[in-house]
Structure formats: C-alpha cells, structure tokens
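Submitted below is the structure of interest, expressed as structure tokens.
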Amino acid sequence: MKKLINKPEDVVKEALQAMALAHADLIKVCYNPDYIVRVGGPVQGKVGLLSGGGSGHEPMHGGFVGMGMLDAACPGAVFTSPTPDQMLAATKAIDGGAGVLHIVKNYTGDILNFEMAADLAKAEGITVEAVITNDDVAVKDSLYTAGRRGVGVTVLAEKITGAAAEQKRSLKAVADICRKVNANGRTMGMALTSCTVPQAGKPTFELPEDEMEIGIGIHGEPGRARMKLKTAAEITEMLVSPILEDLPFKTGDSVLAFVNGLGGTPLIELYVIYNELAKILGGRQIKIARNLIGSYITSLDMAGCSITLVKMDDELLSLWDAPVKTSGLRWGI
Amino acid sequence: MKKLINKPEDVVKEALQAMALAHADLIKVCYNPDYIVRVGGPVQGKVGLLSGGGSGHEPMHGGFVGMGMLDAACPGAVFTSPTPDQMLAATKAIDGGAGVLHIVKNYTGDILNFEMAADLAKAEGITVEAVITNDDVAVKDSLYTAGRRGVGVTVLAEKITGAAAEQKRSLKAVADICRKVNANGRTMGMALTSCTVPQAGKPTFELPEDEMEIGIGIHGEPGRARMKLKTAAEITEMLVSPILEDLPFKTGDSVLAFVNGLGGTPLIELYVIYNELAKILGGRQIKIARNLIGSYITSLDMAGCSITLVKMDDELLSLWDAPVKTSGLRWGI
Amino acid sequence: MTVQRDDVIAWIQAFTAAITENKGYLTQLDSDIGDGDHGTNMDRGFQAVSAKVPELADKDIGAILKTVGMTLVSTVGGASGPLYGTFFLQAGSATTGKLELSLADWVAALQAGVDGVIMRGKASPGDKTMIDALTPALQTLKESASKGSGFAVALRASADACEQGMLATIPLVARKGRASYLGERSAGHQDPGATSSHLLLRAAAQVWANQEG
Amino acid sequence: MTVQRDDVIAWIQAFTAAITENKGYLTQLDSDIGDGDHGTNMDRGFQAVSAKVPELADKDIGAILKTVGMTLVSTVGGASGPLYGTFFLQAGSATTGKLELSLADWVAALQAGVDGVIMRGKASPGDKTMIDALTPALQTLKESASKGSGFAVALRASADACEQGMLATIPLVARKGRASYLGERSAGHQDPGATSSHLLLRAAAQVWANQEG
C-alpha cells in the first residue's frame, strides 16, 4: 500500500485536524463525537443542512461545509457511516430554530444511523427531515432491496439545497428542493483500478491491467460487470446511455453535467470524458446548461470516473449559480 | 496503461476541446497554433500575462486563464514545451498596449521556445518581458547548469502576478511582483509512483511497492534519491527541511503554504501532509498566513505531492486575496 | 443452570476475542461482496465495549446489555453498528433489572434482540443478512426450550442452527445491505454479518454451556 | 563530388526514416535521464518536414534547410525543437542561394548550424548534450577538408567522430538540459540528443557518400 499517511487508523483524525487548521475561516472541527461545522452558526431562522458518511470521499462532505452549502458534516471511519451521536451533536449545533435537514446517501449504514440520530434529535425537540439520495443507475431499483446507492447527485444536491436554505426557505421547501434534485439526477461510474482502504492495506479487488469495472460505487464494491478496457468514447457511452434511458432525459432537456474523478484520475482525463459527453448529449439535443468537472466525490485512490446528469429548470439553475464558499466548491463570493 | 483516453496522440487536443466547451464563459481555445485565451480580451492598458508549457500538468496552465490570473496559456504536447508560433500568436492576442509578460518555468525547452517567441513578438513591436520560475530545491543551483526547475511556485506566481496586472500596474511592476514571488518561494516534491506518458504507454520509471522517490519534478524525471517508503511525518520533514534552509525561512516569517497533489493522490492524503506541515512550521514559529491544498500542478497520474512555501508580505497577501475567476482557481467573484 | 451477570460479561468478552481473532476473515468476506470493513467495524465497537467492562460489574443484566448496545451504536457506524446496537439495546430492555437469566429469559432476550434487528433493518429471511443466521438460531432455541431441553443443550442447538443459517447465505442473492448492489454477483459468497452473528451465538454456547445444566 | 538539391532532400528523408526507426530507442534514452519524449518530439517534427518535401524540390539549398528549420521550430517544442530548428535555420543561412554544396560549403553549413545550437543552448563540450556529438563531427570534418580528403571520406570521418562523441557522453554528468536535474545520477547513460545528432550526420555520410568522390 502506497499512501501519504502515518498510521492507517489515524488518517481520518489527522485529515480533520488539517482541515480545521487550513480552513479556520470557514469551519470548526469538533471532536468526540466528531463533526465539522460552519463557523458563525447556527444561522437563526435558516434550515440547518447536515450530511455525512464514511470518510474516503474527500472533499465530500467536510469540504462542502460553509456559506451556501452544508452547515455541518459528520465524517465516519473510512467507508463507514458515522454514528448517531455525531449526527445528534451536529444537528443540535446547527439548529437555528427552522429545523434541520439530513441529506443521506442511500446506504443501509447511513440510513440506519441517520434514522437513529433523527429519533434522538426529535426527542430533544428539534424538527428534522431527511432526504435520501439514490441516483446510481448501475444498481437495479426495487422495493424489495436496499435500492440504489447515493452517489454523484449528493454533491449537486448539497450545493443546490444549500442555496435554497440560504434564502431562508422553510424546512419543507428546502427538503423538496433536495428531493427534486435527486429525482432529476442520475449517475453511473466506472473504475480503472481498485482503491485501497488504509486499514485493509491492500486493494479491495484486483483488476487486471487490461480490464475495467463498470457500474462501480464509491466504496470499492464490485460493479455491474467487468470487461476489457475500452476507449474514452466507448466508456462515456456506456455510462451515459443507462443514465439517459433511466430518467429518461429527452431532446430539449437542459442539464447540469458533472464529470467526477474517483481520486486517482487526473483532470486531463476527466476533460477527455467531458468531450465525449458533450458529443453524445449534443447528438441528442440535450443542452449542457452548467457543468462541473473534477474530483468531488472520490473513492480514496481509485482511478476512474462517474458521470452525473441532473435535469435543470430555472429554479435549480439559479440555486446552482448562487454564491457558495466552502473549501471544496466556491464561487460568487 | 490504464487511462480514460481515446488515442494517445489525441489526448491534448480533446482535453482542449472539452475546456472550450465547458468554460466558454471564461476562455476561448484557438487552434493551429493552439492556445487558450481569456474571453473579452485583450484588456486595454492591462499587461497581458502568458504562460505555457507541456501538457499533463492540469489544471496548470489552461485552468488558470481568466480574470485575475493568466490572459493566455500555450499547451504543448504532453511534457513538451509548446512552440514559438503558439506563443507568438497568444502574445499578439493578449497585448492590450501595456506589454506582455511571459511566465516561464525553468526548463531548457520552455526557455528556448519562449526566447524565440519573445524575439518574434518584439520584431512585431510588442513589448515582452519574461520571468523564469525556478523554485525546486531538489536541484542543486549553479551558474554552470540549467539551474533549478520551475514547479509549484509557478501556480502561485500566476495568481499573484495576475492580481497585480489586473490593477493595471506597468509591465515592469508586474514582472517585479512575479520575480518577487519566485525569489521568495521554494518547492520540493516526492513520488509514490511513476506517471505514464500516454504516447509512451508504460510508466516512465518503475518504483517498487515499498519505495518512493524524493526530489521529483513534474515530468517523471527521476528525483534526488530513491528510498524506502516513509510515514507522512517523515516525508513532510524531508520535503520541508531543505525548503526552509534554502531561502532561508526564519522564525516570525509569514508564509503561503501550498500542498500540491501530483495527479494520482487523493485530497485526504494531502490533508494528512498539511497536518504535518502545520506542526513543523508551528514548531519553528513560522506562520501559515494562507494555504492552498489540492492538485494544481500535476504530473499526469503520478501519485505523490509537493510542498511549496512562499514568504509573504502585506502586498503579496493582498494580491493573493484579490478575486480570481478561472476554471482551476476561483474566489472573491 | 442459570446465567449470571459475570457470565454475560464473559460472553461479551469471548465474543470480543472471537471478533479480534476473525477480524481479517470478516473483512475479507465483506471485501468480496461489500466494502471490506465488517471486521474493522465490529472490532472497533467491541474494543470500545471492552473499555467499558470495568463499569459493568455491578449493573444488572439489562443495564449491561444496554451499555453494550449504546457503545456499539456510538462507535461502530456502518450498517452493523445500529443493527448490533439495536440487538443489544432490545435484549437489554427485555432483561431489565435481571441479575440472572433462565433459559426462558434468554429466549425472551434473543427474541427481543432479533425483533430489534428486523425492525431496524427491515430484512426478511433469505435477504442474505445476519437475519438469516439469527432467525434459525432463535427458532431452534425456542423449540429446544419448549421441548424442555436443558440450557446448555439449547444453546448448542441454537449455535448450530445459526451456523447452518450462516452457511445457507452462500448461494443467496443479496437483497439488503451493500451486497445487494452486486445483484447476481453476490451469490457464492458467505454473508459477513451472518458470520459475525454466528460467532456471537457460538460464544454464548461455549461460555455458558461449560456450566452443564 | 558535390551535393545537389536532391541529395539534400534525400538526406533529410533518410534522417526522417532513421528517426522513425529509432523513435522508441531515443525515447528510452530520454526516459532514463530526461522525460521520455525525445523520439516522439523528433518524429513529430520530421513527419511535419516530410509533409513539406513536395514544396522543396525547386528551392535552393539554403531555402530547403531554412524550411526544415522553421518547420522544426513550430512543431517539435521541447529543447530539441529550438535547437535542431536553429541548427537548420543557421545552416540554411550559410547556404543561401546555393544549388549545390562543395565540401567547403558543407563545412560552412555545419559550422553555422553548430554555432547556432551553441548560441541558443549555451552548452559547452562536456555538458552531456548534442554539442558533445556535433563538435567533434565538425572538428573532424574541418580537419579532413584541410587535409584535402574527398567529400565522402570526410563525411564518414565526421560521422565516426560524431559517434565517438555520442558514446563519450555516457560517463558524463549532465550540466545542461533536463538530465542536469539528475546530477550524479545522469552518469552512465547516453545522451538522447547526442544520439539523434549522430543519426543526422550518419545519414549524410550514408546518403551522400554513395556518390564516391
């Protein structure tokens, strides 16, 4: 295992300490239980936005705490949902009297822990709503299973919902925006390599030099299928087709296109993928109204990418364009 | 070779096309000769800022074209300096009557091509100055050699100099700011893995699973020494010590600390390094006045990092804080 | 035979040791069809439980189990944290104030624990989760009890049924938890949570059944 | 013997073929002590030159060489682009208007080319660059000419000296170009630019020395 770390068990804590030092103008890090909270909060009358999940997806979620996005984030161990006590403490810290929205990626662990946290918070008199993101088309959806994973849409939902919260909309309205982003968003990912969980010390899976994994999540879980390595054009087609069919996206739609790197893939390759994506969407007369290209929801050092499309309307566009000031995403301020 | 690409020889062109599509609000891409230029330019009375170099270092330099930073960037083939005709065309495109500054990394190829371009531009009546960045302490400096490489400082110099140019300072004043950043900046890098040049198809060098390379540049050149893999704390110490000794940085100094990923290293590891860096500088009573953590000057898919420190004063701080709006770096607007 | 407070603590300690010993194995199972952290998760939780053992000695069994449950909830995370946490919290509620457990008490405790896991995780038998190991363990325990078996015999039968349930997860296609994302590819692998559940009930059989009864 | 315009073009074509053939080798040498692109760089440049060959036929030798130089400058990049570009531009200036080259003309052309490389790159002999191959080649050519050797003999001697110079770069510690960043670690490797320079002068010897004289 080749990583810039000290002891595997200290990675998350040390990264948190570094974030606290580096971004003291934006965030504060509280320990035991661990959470990252926006400085100067809670903002009275504003819905508090909390997300969280396992670590190893940086900058998500801690890098998205700040003005116009999250009020707090709970980091778990690597790839492991945080615990209800973290979430409860963070929920209390960001309640400005207008209630708190939990943005939860659809993983059993995250769901269960956030559920317990919400119960505890409600018992303390805080109004809590939860929105679950489940945008991964690689997973077959069914009432009888755990359903789809929450992946790329989460980043976009946090940004857009954060802007709505900043406008002091009601908890219900803010939650509705979040649900709308999720409902209009779809993602699919692929991996060129496995990731290596620090405490495991070796790659989660082995992928031969000429193979790739399609339909991968963000936890080193195996994907939908393994196959021979393909060109960027073919890979993009394989990622976009199921996305387009699923919603479905139609001619004339306007989308936010998000090409995301999984941690070990450099920006130049993400642009090559974006170039193919633009061709495919152009061919179908789907307009890319906005884009985001970079590594925002990662899977440790995995090489690979995911594509997320969200169908946008004027409301979502103006919320996307609203100022945001976090260590991971910033514009307009 | 595992990369998200089509044909190796098309990577640079396709990435340029994608940048043009994705960032049409910020930049325009011209082809044959190839360069990226800020939209709405040249700005009359403003010094034009041009940089360039081999591709494979994204977001540098094309990602730094925009308000408050570069006016144009010339991308070469992967790891290969661009040619004088590109630089000449870009120089002409951004001359707003106040002259053009070339920010050149100290590599023989870049120096020679920029020299030829400057000669050609002068012959066309454009005033051109060049500032050469040479911040890499891994390389022994000497009058009789090619001297030190230009690495991490280049990103910071482009930002700070861009802010000075935006204030419509004279060409000489803008060049002086750039020289000041370079004179006050030092960098050292290390690699956990080699990078793979697309057209070479295999790693530039082989690094066994338990070894790292210290003093690496950004082109897959071998570094100063190869040694057993060490902890983040030890690695940071090995990078920072020569930096501190070289300037030298002293107790009471205020610095801009830049922890840079080389393309294949995820953000969480950069934070672990930053944590160590903060400890070391704290121990020496050197104050981190500003920081930048992320992959801004990369070496394709190389895993590893570099640390850059620039000694700051009030003038440099206010220029660093000034608004910047590029695809790779953005704040204040 | 009855199970005393010390026995309950000894069971938890034996399970902790089993988790530490099987940490790599559980993580390996979870790497195959999950995210490779089940062993680490459980170990983190039970190390935290270990640190609490000194506080447990003078508590009643219900309080002991609730402390274990609370500790797991706040240290494990993932799916297994709330699930095992709820298991122990509910088992603790069912044994509130008790200073010893009869076989009937243990049936009630296990019933409450398993119900808690189902309530929280909404898994059904056949979904390829810990429920596939816990349900037959509970069923067999109840049958043994109603047949009038001794505590030790019942515990062993329950652990054996748990083991069978664990093995029976191998061919299943997962419908809950992370393994469900794999669809068909999850078949052919043993469920990690079912495996840790088996270790839990095997530890009870081994520690408690030494006192023959 | 004299070298005609066609011979000059044939030389460029032979060198282009040699570069294509040795592309991997040059890149490998450059991987060891540089950035692994010398073969690709040179090949990109000479493929572009190839595309210009049809335009060259009715030009004088100076114009032919200048066109090669301009093409290299605008397509190669890196260190070798301006250096080989300048080599051909200066050699072209020294042969302006000429329709054929005597040995003395070739001496003047090579002298101008090498001076151009030194002027641009500021390398001295012993810095482990193409200069270490070009300087002895020029020196030997001059000596042969002053001894009154025939063109073909002089060309071969020059190419041989170039080869010796190339081999002599192996033990050197680089002081110019990318290899200089390696310091002591650059010793023990042959300089890629010196290697391509040898191919250049070897091609001249092979193509022009066929016409014995």
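A, B, C and D label the chains in the order they appear, each numbered from 1.
Quick note on the criterion: contacts are C-beta pairs under 8 Å (C-beta built on N, C-alpha and C of every residue); 3 or more make two chains touch, one makes a residue touch a chain.
This is a predicted model, so every value here is computed, not measured.
With steps allowed only between chains in touch, the distance from subunit A over to subunit D comes to 2.
For the pair subunit A and subunit B, the distance between mean C-alpha positions equals 29 Å.
If each chain is reduced to the centroid of its CA atoms, subunit C and subunit D end up 77 Å from each other.
Distance from the subunit B centre to the subunit D centre is 32 Å, each centre being the mean of its Cα atoms.
Counting partner chains per residue, subunit B shows two or more touched chains at no residue at all.
If you draw each protein chain as a dot and join the dots that touch, you get a simple line with two loose ends.
Under the touch rule stated earlier, the contacting chain pairs are A-B, A-C, B-D. Across the complex, subunit A meets subunit B through its residues 2-7, 11-12, 14-15, 17-19, 21-22, 55-56, 58-59, 63, 192-193, 209, 212, 229, 231-233, 235, 263-275, 278, 288, 291, 293, 295, 298, 300-301, 303-305, 327, 330-333. Of all residues in subunit D, only 27, 31, 33-37, 40-41, 44, 73-83, 85, 120-121, 174-178, 180-183, 185 touch subunit B in the complex they form. On subunit A, the positions that touch subunit C within their shared complex are 33, 54, 76-85, 107-109, 112-113, 115-116, 136, 138-140, 142, 144-146, 149, 197, 199-200, 204-205, 217, 219-222, 224.
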